[in-house]
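Before I ask anything, here is the structure I am working with.
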Amino acid sequence: MPRLFMKRAKQKVGLTPGTPVYTGEKKIEKVRIRIIDYDATQLEEKEATTIEECFPFKDKPTVTWINIDGLHDIELIEKIGKHFDLHPLVLEDIVNTEQRPKLEDFGNYIFLVLKMLYYDNKKNELEAEQVSLIFGSNFVISSQERVGRIFEPLRERIRKGKGRIRKSAADYLAYALVDSVVDNYFVILEQYGEGIEDIERELVTNSTQETLQAIRAFKKEVIFLRKSIWPLREVVNSFERGESSLINESTVIYLRDAYDHTIQIIDTVESYRDMLSGMMDIYLSSISNKMNEVMKVLTIFASIFIPLTFVAGLYGMNFQFMPELEWRWGYFAVVGFMVLVGISLAAYFKKKKWL
Amino acid sequence: MPRLFMKRAKQKVGLTPGTPVYTGEKKIEKVRIRIIDYDATQLEEKEATTIEECFPFKDKPTVTWINIDGLHDIELIEKIGKHFDLHPLVLEDIVNTEQRPKLEDFGNYIFLVLKMLYYDNKKNELEAEQVSLIFGSNFVISSQERVGRIFEPLRERIRKGKGRIRKSAADYLAYALVDSVVDNYFVILEQYGEGIEDIERELVTNSTQETLQAIRAFKKEVIFLRKSIWPLREVVNSFERGESSLINESTVIYLRDAYDHTIQIIDTVESYRDMLSGMMDIYLSSISNKMNEVMKVLTIFASIFIPLTFVAGLYGMNFQFMPELEWRWGYFAVVGFMVLVGISLAAYFKKKKWL
Amino acid sequence: MPRLFMKRAKQKVGLTPGTPVYTGEKKIEKVRIRIIDYDATQLEEKEATTIEECFPFKDKPTVTWINIDGLHDIELIEKIGKHFDLHPLVLEDIVNTEQRPKLEDFGNYIFLVLKMLYYDNKKNELEAEQVSLIFGSNFVISSQERVGRIFEPLRERIRKGKGRIRKSAADYLAYALVDSVVDNYFVILEQYGEGIEDIERELVTNSTQETLQAIRAFKKEVIFLRKSIWPLREVVNSFERGESSLINESTVIYLRDAYDHTIQIIDTVESYRDMLSGMMDIYLSSISNKMNEVMKVLTIFASIFIPLTFVAGLYGMNFQFMPELEWRWGYFAVVGFMVLVGISLAAYFKKKKWL
Amino acid sequence: MPRLFMKRAKQKVGLTPGTPVYTGEKKIEKVRIRIIDYDATQLEEKEATTIEECFPFKDKPTVTWINIDGLHDIELIEKIGKHFDLHPLVLEDIVNTEQRPKLEDFGNYIFLVLKMLYYDNKKNELEAEQVSLIFGSNFVISSQERVGRIFEPLRERIRKGKGRIRKSAADYLAYALVDSVVDNYFVILEQYGEGIEDIERELVTNSTQETLQAIRAFKKEVIFLRKSIWPLREVVNSFERGESSLINESTVIYLRDAYDHTIQIIDTVESYRDMLSGMMDIYLSSISNKMNEVMKVLTIFASIFIPLTFVAGLYGMNFQFMPELEWRWGYFAVVGFMVLVGISLAAYFKKKKWL
Amino acid sequence: MPRLFMKRAKQKVGLTPGTPVYTGEKKIEKVRIRIIDYDATQLEEKEATTIEECFPFKDKPTVTWINIDGLHDIELIEKIGKHFDLHPLVLEDIVNTEQRPKLEDFGNYIFLVLKMLYYDNKKNELEAEQVSLIFGSNFVISSQERVGRIFEPLRERIRKGKGRIRKSAADYLAYALVDSVVDNYFVILEQYGEGIEDIERELVTNSTQETLQAIRAFKKEVIFLRKSIWPLREVVNSFERGESSLINESTVIYLRDAYDHTIQIIDTVESYRDMLSGMMDIYLSSISNKMNEVMKVLTIFASIFIPLTFVAGLYGMNFQFMPELEWRWGYFAVVGFMVLVGISLAAYFKKKKWL
């Protein structure tokens, strides 16, 4: 089940604002630092063992992308903060993984927090991971909680020099990272869409209590999705409008495209929500229909046999003077009468479409 | 069932933004290119076999309408993009048929994405097809997934020189295309209106589980309709306000008219939504009413015959000393008593309006 | 049932925008044209047989009110359009009676579309009729589908020279016409209010399936009302703010008053909606309550007599050795026991408040 | 029941706008006019028999508060209108007691309409009374339908010279009157709060059909309350922002306070609405729970005794060869078996928690 | 249960605005006044017995934080008001604990009202306490109803000179206080989150009437939470945008952080609301499911034994000529037939999945 509730708030209360405290679980053993430094003509890629190896790149005119996987090494984060002159609150937000997606413009750099969603197949539930981006005129620092694969195609594009990326500044790289995260939502939404269609088919053919549980679980995950996606829209929007001098005119059109995608994602999530509400109604009406069916069976049985049992009881009375009892064909007449009553009642229920 | 869910998102993840990938199914064999070139006095119409045939028209002062049916020929789209100097993202959006309706102003041309709805009689469901429009000062490029008929009357109007169209610039032609798409929504809505009225009549006279299925299907299609129509409003609105120099003052008044129509369409869709919600409630109350009726039948039968059966059972007991059994008219008295009880109970149920 | 659905959309698809096509039913035989021409000191009133008779008034400084009842004579409308130099889209909107209320400022004249509601006593349902107003500096052209009575008191006020109207310009006359339409809504709302109160009383005392039908019908009509009234608000609002030079400062305060009235109408319609939603809930709970009552009757009968019948059955068994059967007072003891059980159970149900 | 529906609309249709017509019931016999004229040092208080007695105060620099109880004397209202140079629409609104709360700035005076709520203990329902305020630089005219008590404490404060009031201008007096009306809402809301808590307690312990009626009645009154209170907010807000030269800087801070109070009132009304919706759900679930209980009783009785009755019936058959019947302990064996079955079934229902 | 309803409104009606009246309960015996005066280099801390001891600090350039626990001593509040030149409405709001969170800028000082939430473990319910802050260029006055602990860590930070606080002005101290209050909400929300998850688990495994009561209670508390938290957002927002010269540029970034936190809190509360609505639906469907199960048991018992009892009754009839009765194996045949019927019916119910 996705974390709807903030579990680790307590440990932060009372601390000085701007104190970085890692609030996630330690997801990987060792922090991994990867650097790609490039311009249109040259490319340097390396994996750093200490954060200090990144610092020389800061003063080069080329675009430097520093990617950090693993956030539990607070000291490392603080070193970066010092070297790139970042605000203490930025450092706090990078490692506090309960952050809401947001964009903050600090003049000489822009700070972005995003939520990357992935489906944990082991736990069978949706997980969100925090991705932070800081970019200035010639660098982008990205960080997440564990080594992920969604930036891999982008890395490949840089290596191969495909597309605009090698010819563009750091703002385009930042856009490309945001775009990767946004594109990843489509994959998640597609999985959800299939899941919802499965439930729908189940609802029509054979809904059980498990169907209700599935609807409930989906509803909860959609609440979680909305919580991640609605602020994303604001983030991409303020990125797009960004009056910051860090964002070039030619990048804005790409950001507009990313904005369109987030709107599309929101539209889809809202459709899911509508669908799931409708399903709840269908489920409730299917329970009522089932009860109706049960009631009909009971009514048919009871209504046919209760009068007949009464007739049988009538002639089971022990009165001394019951003339019918002595008739030769009395028994057969009564049985015939019973058959008649039974058939009439069955016909009546047939007419009422209960049979 | 309309595609509420993005089915082909995955194949796009990780590609360079601006790479055109056709995400629809190949709906026609060969791409069809039709050109109409006109001004107030002259008209040229031809069907091109290669896209290069369109290019000479670009530099003529007359209005050129290039219509492309079929989007799977990426190379062709890229050639147009090159010749008309279109942004890569525009090309990507033309062939990505999962686009949300939108308008983008690129200065020397405007790019519009619309959704054309039509009812697929074979599959018995609503389908959406993407229509893209690009227009500059003297050209309009329209493209859709297959050969459609909704632009035919417009083509006829151009040929016959009826109305303002031959005397106007490319912006009016673009408006006329948008207007055709918008007008087509009315036809769809009318079909829906009739369908909803049919269900309503069914609900009142004789609702079954199929009625519920129909309501559910309509609800889902209305969710789909809303997803297509709400952004349309923004599109037409930003078209109308369009500060672009490509849009003449005299066209704005027509765009305002188209805007009014989209508002009217939205109003109607919202009414449908309200109607369908109300129907769900009626359906649920009709189930409850039916169960009530079943219960009443059961109660009447059981309540009348259970006491009578008890009385019969009473005189079926085998006690040696039961004075009534020996009475001469005992049997008839008991039967008379039973008839009395039966009538009283029936009267009681009559009074309660259960009979 | 009010027309929620656009029935005649199809015939318009593909026509040149600005082609007037009458979409209503022909409601009166002959178009009726009435002219009132006045200023503070003089008054001329006549009924014209041809539209040309109206044209001389155009150039007089007095205020001319041309009222047209019946819209099926397209030629007549086109003549007016020519003489008063109206935009083709205005003519189209006048005769297309499926229009949404709106206000459009064309510089030297303002065009208003309103919906007049009346209750059709024959069909027992709400009908909407389109009223169009065009006014310039010295003329007002009003048109509707049939001869109505709601402008009669206004006509009387002009004739008698009562109030500000004879001393004011055409804008005040236009306001007075709008005000008549708005005031008429109050009459309709009052009728609705009474109808809703009637249903409410019924709900409390004795709700039947007909009550549900009535709630449903009201709900549908309220949807219809909202569709007419919400845009009215915008219309009156943009009329009030109207920066147009056609609207005098002194009229604005009257328009503000009309705006307040539309807000009040919307408030009332929203209250009705809330009331009707609440009623649906009450109705559903009344069904449940009834089912509860039915169940209780069944349960009481069954629970009292089933155990007694069992006891009777017990002593109806034919075992050879059943000592009780031979007891002298066995029968009376058993009957006494049965009475006791019956009374105890009745007391139990009494305690549970089921009796 | 509060008047949700406009009852007297009809009589107004077709009248010249600005014609004052009293739409309320005549609530007091004679109109009562009370005047308080004061500044920081002096105070004059009198009860006028004719309205003309008020007029000399108009030209004095002191603040004059003219309070009129009773609105049925149209002539009197018109005299005031003439003397204080009020717009005809203001006069119409004063006596039309179906007005929506509003504020209108006429330059040299400001016109306010408010709704005062009080609980009519006789009819046991909420009533709204219209309070109109007109204030200029040195006068305030307040009017309501009957003699009320809510302005009495204010009158006392003026007499005793307590607080800022004697040192302030007419705008502060107007504020103080509005503040009295707003404060009075808190009293009404408190009564409602207690009523809602009472219902809630009832719901938990013992909900009956009367509880539903009470919820319904409260819901209706909350709809009525909202209709009065939401526009109040706008009124106080536009009063506070009032760019009018009639409002002094030092009064604005008090108006801000009054605005905070209206927001608080709205918050509370919205909370009530939420609470009442929740209660409806609880009520419906309590009906379902009761039906469940009834069903359980029926099921337990029927399920225990029906099998036993069958067994009894079995040995009541009259076959000649039924070996059990002749066994010495047959009867006791069967009875023992029945007790066993009965106990087992009871245990089964116990396990299912139905007993 | 949290106080949703204003209980003490009545006592205020009719008082001069700006009269401080304590509306809370007296929660502590004696008012406690604590002063901390500091700058980057020095620190003075003392507990004052009279309010006059605070006054000398006002003219010192150091930051002075005066904290008052207990609001029932109106005289003390008035003395502060006089000395620090506060507006009478501020004094009224400090002691009127029914205030809505708000921020008011009085030029030379800013006044803030906040709600601090804590969970009363004794009464087992959520309580809100009003915290007021007044801060000028070199002082902060905070007041609450009782001695609390949430400011203790902040006090400790000041003493130890940790973080920015000792180097910053009064605006940062005010921010730090607001931040403490906001952080405290996370703790409350976390407790709620756990409670909601507990209910959810209960719903799935074994929902009883108590579960409904718990949902209802949570819903009510969430209404209460929303009432406290939504205005908080506005407060922090207007604090952040604060054009006041009292707020330094460097503090704004911290306020933005606090604003992000309030948004996050609101998001979470809204998620809770969604969750709880969903739970109500689940609860209702669980009642229906239970009723269904009860019905099935009844139907199975009744439908199997009623026909069998009829057959038994048939052969219990006393007709003289019933050939079967005399057959040697009649009894066994009938019992065999009964077993067959019983098994068939059981199989039928098995097939319907009722068994």
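We call the chains A, B, C, D and E, going by the order they appear; numbering starts again at 1 in every chain.
Criterion: a residue touches a chain if its C-beta (ideal position, glycine included) is under 8 Å from a C-beta of that chain, and two chains touch if they have at least 3 such contacts.
Everything numeric here is computed off the predicted structure, so don't read it as measured data.
Among the remaining chains, none touches subunit A as well as subunit B.
Note on connectivity: the fewest steps through touching chains from subunit B to subunit E is 2.
Both copies, subunit B and subunit C, contribute mostly unmatched positions to the interface they share, with under half of the numbers common to the two. The two copies, subunit B and subunit D, are related by a rotation of 145°, based on C-alpha atoms and rounded to the nearest 5. Between the CA-based centres of subunit A and subunit D the separation comes to 42 Å, rounded to the whole angstrom. Note on chain placement: the centre of subunit D and the centre of subunit E lie 26 Å apart, centres being C-alpha means.
Residue numbers of subunit B whose C-beta contacts span two or more other chains: 284, 288, 291, 295, 298, 302, 306, 309, 313, 316-318, 322. Contact residues on subunit B toward subunit C in their complex (touch as defined above): 150, 152-154, 156-157, 162-165, 176, 179-180, 183-184, 186-187, 189-190, 192-194, 196-197, 204, 253-254, 256-257, 260, 263-264, 267-268, 271, 274-275, 278, 281-282, 284-285, 288-289, 291-292, 295-296, 298-299, 302-303, 306-307, 309-310, 313-314, 316-322, 354.
Those residues of subunit E that touch subunit D in the complex are listed here as 4-7, 9-10, 12-19, 87, 89, 98-100, 102, 104, 209, 212-213, 216, 219-220, 223-224, 227, 231, 280, 283-284, 287-288, 290-291, 294-295, 297-298, 301-302, 305-306, 308-309, 312-313, 315-318, 322, 324-331, 334-335.
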